[in-house]
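Shared chain: chain A. Partners: chain B in the first complex, chain C in the second.
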Partner chain A sequence: MGAEFVALSLPPILIGVLVAVACALPGNFLLLRRQALIGDAISHVVLPGIVVAFLVTGLIATGPMLLGAAAAAVIAVIAIEAVRRLGRIEAGAAMGVIFTAMFAGGVLLLEQSDTSSVHLDVEHALYGNLESLIWLDATGWASLLDPAALAGLPVELPRMALALVVIALFLWLFWRPLALSTFDEGFARGLGIRTAPLGLALVIMSAIAAVAAFDAVGSIIVIAMFICPPAAARMMTNRLGHQVAWSVVFAALAAVLGYVLAGYGPLWIGADASVSAAGMIATLSGIILGVAAVAGPHRTRNG
Partner chain B sequence: MLADALLLQLGYNATLVTIGAALLGIASGVAGTFLFLRKRALVSDAISHATLPGVGLAFVVMVAMGGEGRSLFGLLLGAGLSAAFGLLCVQWLTDRTRLGEDAAIGAVLSVFFGFGIVILTVIQTMNAGRQAGLEGFLLGSTAGMLRSDAILLAVSAALVLALVVILRRPLGLAAFDPGYAEATGWSLPRIDLAMMGIVLVVTVVGLKVVGLILIVALLIVPPVTARSWTERSDHVVIIAGVVGGVSGYVGAASSATAPALPTGPIVVLVGFAIFLFSLLFSPRRGVLASLLTHLRYQRRVHVRQGLLALAQGQPIYEVLTRRLLERAGLVLPDGVPTPAGQAAASKALLDETRWAIVRGDQAYALAATRYDGLTPIEDVLTPDQLTEVDGKIDAPQVVA
Partner chain C sequence: MNISLVTSQDTDLATRAASPLAVRGMTVSYGQTPAIFSVDMTVRAGAMTAIVGPNGAGKSTLLKAALGVIAPLAGSVTVFGEPMADMRDRIAYVPQRASVDWDFPVRVIDVVMMGMYRKLGLLGRIRGQHKALAQECLGRVGMADFAHRQIGQLSGGQQQRVFLARALAQEADIYVLDEPFAGVDAATEKAIIAVLQGLRDAGKTVLAVHHDLATVPDYFDDVLLLNTQVVAAGPVAEAFTEDNLQAAYGGRLTTARADPESVAG
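After this line comes the complex of A and B, so read on.
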């Protein structure tokens, strides 16, 4: 069990947990600011960004793809704001117009260009391939201390860890102004906090999480993790710090349990193949939210 | 080929599908208008994503019962049931917990979609190759549709459209004036239920055409587009229907020309192109129109301020002001006013002086609110009132 587990299951589980936590952290603030669906929009527009990056550079490399995805996310945020102001349309509808159009553009570009030789398709973009992120060099738990074997880790693991560190650092540094501007924007502005750039920075942090996670796990898990763990945590407490802590716990729980259920669950009931880990993790996060919504101590509006 | 498709020359099935898509587009444009005006546009995103587990489960059930699992009617029935459950979840989370509607939408759409993916992977392992049709529900695909499916699609699209037309009055009432609707005896929750029911049916029928990821665009883009052309409620509904119908028609027709071309993205992009054009060029609310209005206003302010400066004998240094005055023939290139310029300047000064008196007098409080530095006072006061105001202008006095 040991060697197989370290090589085949440990890296995907770790990546899953990192993704879940990296998305849940900014998700807390997005939720409280009633911008929960920004995560949804961002993770849809990542696809055209990556397709355009591929068409421009002609290769499937991490650098250009991440850049393309990040650029698409920023363009989407600007376009949503522009449509909202120029067209005098409410934010939700503006978002719906922009992200569907960009996603449609991405799909069409993908279908029209010759990408059959490379691993790039819509399904992959939607639900990723967590199961394929295996660590071939591992021979057992001892490999965790072996530099040569560690070099063979899937690149998504260190990349995701880096993204998580950046996001955590941002939240730690700007905790007070973020909390203030989230709960009472007028007061925060009165204190001299520049709330508009701060809000944009938060969206960019979310975009970093979405873009880094996208390649490994697809967009569906990203949307689920932006919203479900923070929403469940919201039912547990009235304190922001506690809420963030709960959301991290819920996110990690959903990732680990979801992966295990997807990988081993079918075996337990006698089937011979596994199911989509990304889908299972999203489902698990929904179940956690459901339980919290039914039994959480602070689930209603007045308490 | 594309021209053939647009002229419905690609055979009976393709024609049925194209007409069905156009009818569906009209229905979704109209239904979407009510949704948009109730500010609940994105609820449809949750509904559409929530159809996926239903499609998968319906397939599993149909196969378990010994069928082939491809019956479009069965799949859509499953989609409708799970979409209704998803809608209930959104409603419950919004009403009974502290979550906002946006969070409830996001949670439902991601969790249902994730669960749907799980079921799709289960189906993949059940019996390879047999689930080929289900992928088409993600992005829509109308190429190579069975005749019975095409008929089902066209008929149900026509039925939805009829339903929307029948219910347009209460829906419009609730969308534009919920208070009045309640006061005249309509039950708002029931109208909302009917609206959501229609949106649900539109979504389910549209699954095969536009796909569940993008169907939300068919409900949002037409009303948003229509809004920039008119301020009248009945017109918004009609224009939204037309925009939706054109998107559906063109999208389905061009998708029929190539099997690899998914319908959904084309439908959405056609709609988006119309939206973009409207946003930029619509006569009243368009960006171009606003820009022109702004420029015109800016020029009027410049001319007015320039004339006031002339009247008081002050030199004008501002470049734009000088150019505007010069072009209007009010000043000569060296800054000296022409006779016409002098007349206009005196008129402007008189106007300003009269305004100053009106604004200082309580009796004219209402008229004073019309002051914006540009409106000629003759537009606001009667000749009699003007004579009265003129009486209060101080006569020129000799400076001692």
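After this line comes the complex of A and C, so read on.
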């Protein structure tokens, strides 16, 4: 565990943990509001946003891609609300309609446009490329204290850290009204809490997590982390604060273990190639949920 | 004509200034047909008022619109003559028990603390005095021993008492309750009515949607009979008459008398 680890494994592991926690935090509230699918929706509609951004600007650059993704997320949220209200359709169905339609549109756009020459494809959007986020300037643990080397860190790391800080600050600041309006919206409104803008802010936070994360890790991890760690955490405790803490632990655990297992696991059992880290992390979060569902202390409700 | 109009407006201003909760011209619609239409309601200070009416009469809708929980098409609400938005600290609200998810990961004491949101604000520290108040409110509804239970582990009656304790923690002047006796056991009904009467005797005002016609005269001082529009309103002795009930319930009154549950909602 020396220079090689710091250069090749530490950045992706850190990015994986940041992504997992940034998604799991708002995921707790989405789950309790029965809006868990919104994470799924946002992470899928990111694709057409990116394709359009590429078609407009003609370049694969982080700025336009993030803008395009964010714009697509906003359009999707508005469209979901519109379908739900105008069509009087249940929220889950509205999300399903919008995100599959937009994702499919993105796939068609991608096929029709001349993007084959650049690194932009559906697989990348789904699985990301966590393993490629390496830190070439690192020569060992000492590089962590070397400003020149730190400047060469993959840009995804500070970007994801910033997203996590924004999300954590939002939850810390609005914890009480969020918990209150999630539990009892009528009472919250009676207290004068503006629940509609608050709910929209929560969705925007989820979109920030999904958009910042998808480029690094793809949408599979994002979807898994919005739902699995909070759902597993719910079965560990009957208190909201503890649930959020457990979800952070589970998310980080899945990210670290998943990366290590994907990178080294196949070698341990004699295979010669590693497997997708994103796939392994998402799988592991599902396994954690399964274990919590079987063995968690608070898995039975109402009694 | 003009003079008399001004006078009646002045009179109404005075009436509203004296009323803990005055609603004028409230109309709410969920679709094409109005749920309530042009409802006026003037709640008397220091009294217990019941809102009574058949299924779908708009009783809960009237409460929610009065408290700003739902947006009306038209209508105004004043609290002691002031706009509702400035007077929220004076009002405590107990929504219908069935309106929330009782699997929510929260303990009884945490629910009661929610009643102190306006005192605590976003980040205000929870101090000993707040915990003591929450515990005292639980004691007043006979739930002191349940503070650390998860809310899903409670019976329906116990859940309703916790909701009342949360309203008590708001330390308001006006208590607005939506079907506080729906689906609760007899012991809980007695406990709740005792707490509400205690509030009334302390000078507070109570307004509740109520579905059991038989207990209206025992429990309440005033009544408002509603069927989309106001049918009658006033002291129980004057407004709660056979004729007014017939007008509010139409042909359904006999059923309503035989089975009070059937007029819930």
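What we mean here is this: the second predicted complex is superposed on the first by the 301 of 303 C-alpha atoms of A that agree within 3 Å, B and C clash if a C-alpha of one lies under 4 Å from a C-alpha of the other, contacts with A are read in each partner's own complex, and residues count from 1 in each chain.
Quick note on the criterion: contacts are C-beta pairs under 8 Å (C-beta built on N, C-alpha and C of every residue); 3 or more make two chains touch, one makes a residue touch a chain.
Nothing here was measured: the structure is a model prediction, and the numbers come from that model.
Novice: Given the touch rule stated above, what does A:Ser276 touch, chain B (first), chain C (second), both, or neither?
Specialist: The answer is first: A:Ser276 touches chain B but not chain C.
Novice: Looking at A:Arg299 after the superposition, I want to know if it touches chain B, chain C, both of them or none. Which is it: first, second, both, neither?
Specialist: In the superposed model, A:Arg299 contacts chain B only, not chain C.
Novice: In this superposition, which partner touches a larger number of chain A residues, chain B or chain C?
Specialist: Between chain B and chain C, the winner on chain A residue contacts is B.
Novice: Regarding the shared-chain residue A:Arg234, is it in contact with chain B (first), chain C (second), both, or neither?
Specialist: A:Arg234 sits against chain B and chain C alike.
Novice: Taking the stated contact definition, name every residue in chain A that is touched by chain B in one complex and by chain C in the other, in rising order.
Specialist: The answer is residues 234, 298, 301 of chain A.
Novice: Spell out the part of chain A that touches chain B in their complex, as residue ranges.
Specialist: 31, 34-37, 39-40, 44, 83, 86-90, 92-97, 100-101, 103-105, 107-108, 111, 122-123, 126-127, 220-221, 223-224, 226-228, 231, 234-235, 262, 266, 271-276, 278-283, 285-286, 289, 293, 298-301
Novice: What part of chain A is in contact with chain C in the complex they form?
Specialist: The touching residues are 32, 173-177, 179-180, 182-184, 186-187, 189-193, 234, 237-240, 242-243, 298, 301-303.
Novice: Flag every residue of chain B that touches chain A in the complex, lowest number first.
Specialist: Residue positions touching the partner: 36, 39, 41-42, 45, 92-93, 96-100, 102-103, 105-107, 109-118, 120-122, 125, 135, 138-139, 213-214, 216-217, 220-221, 223-224, 227-228, 260-262, 264-266, 268-269, 272, 275, 279, 285, 287, 290.
Novice: Residue numbers of chain C touching chain A in their complex, please.
Specialist: These residues of chain C touch chain A: 64, 67-69, 85, 88, 91, 93, 95, 99-107, 110-111, 114, 117-118, 120, 122-123, 150, 152-153, 166.
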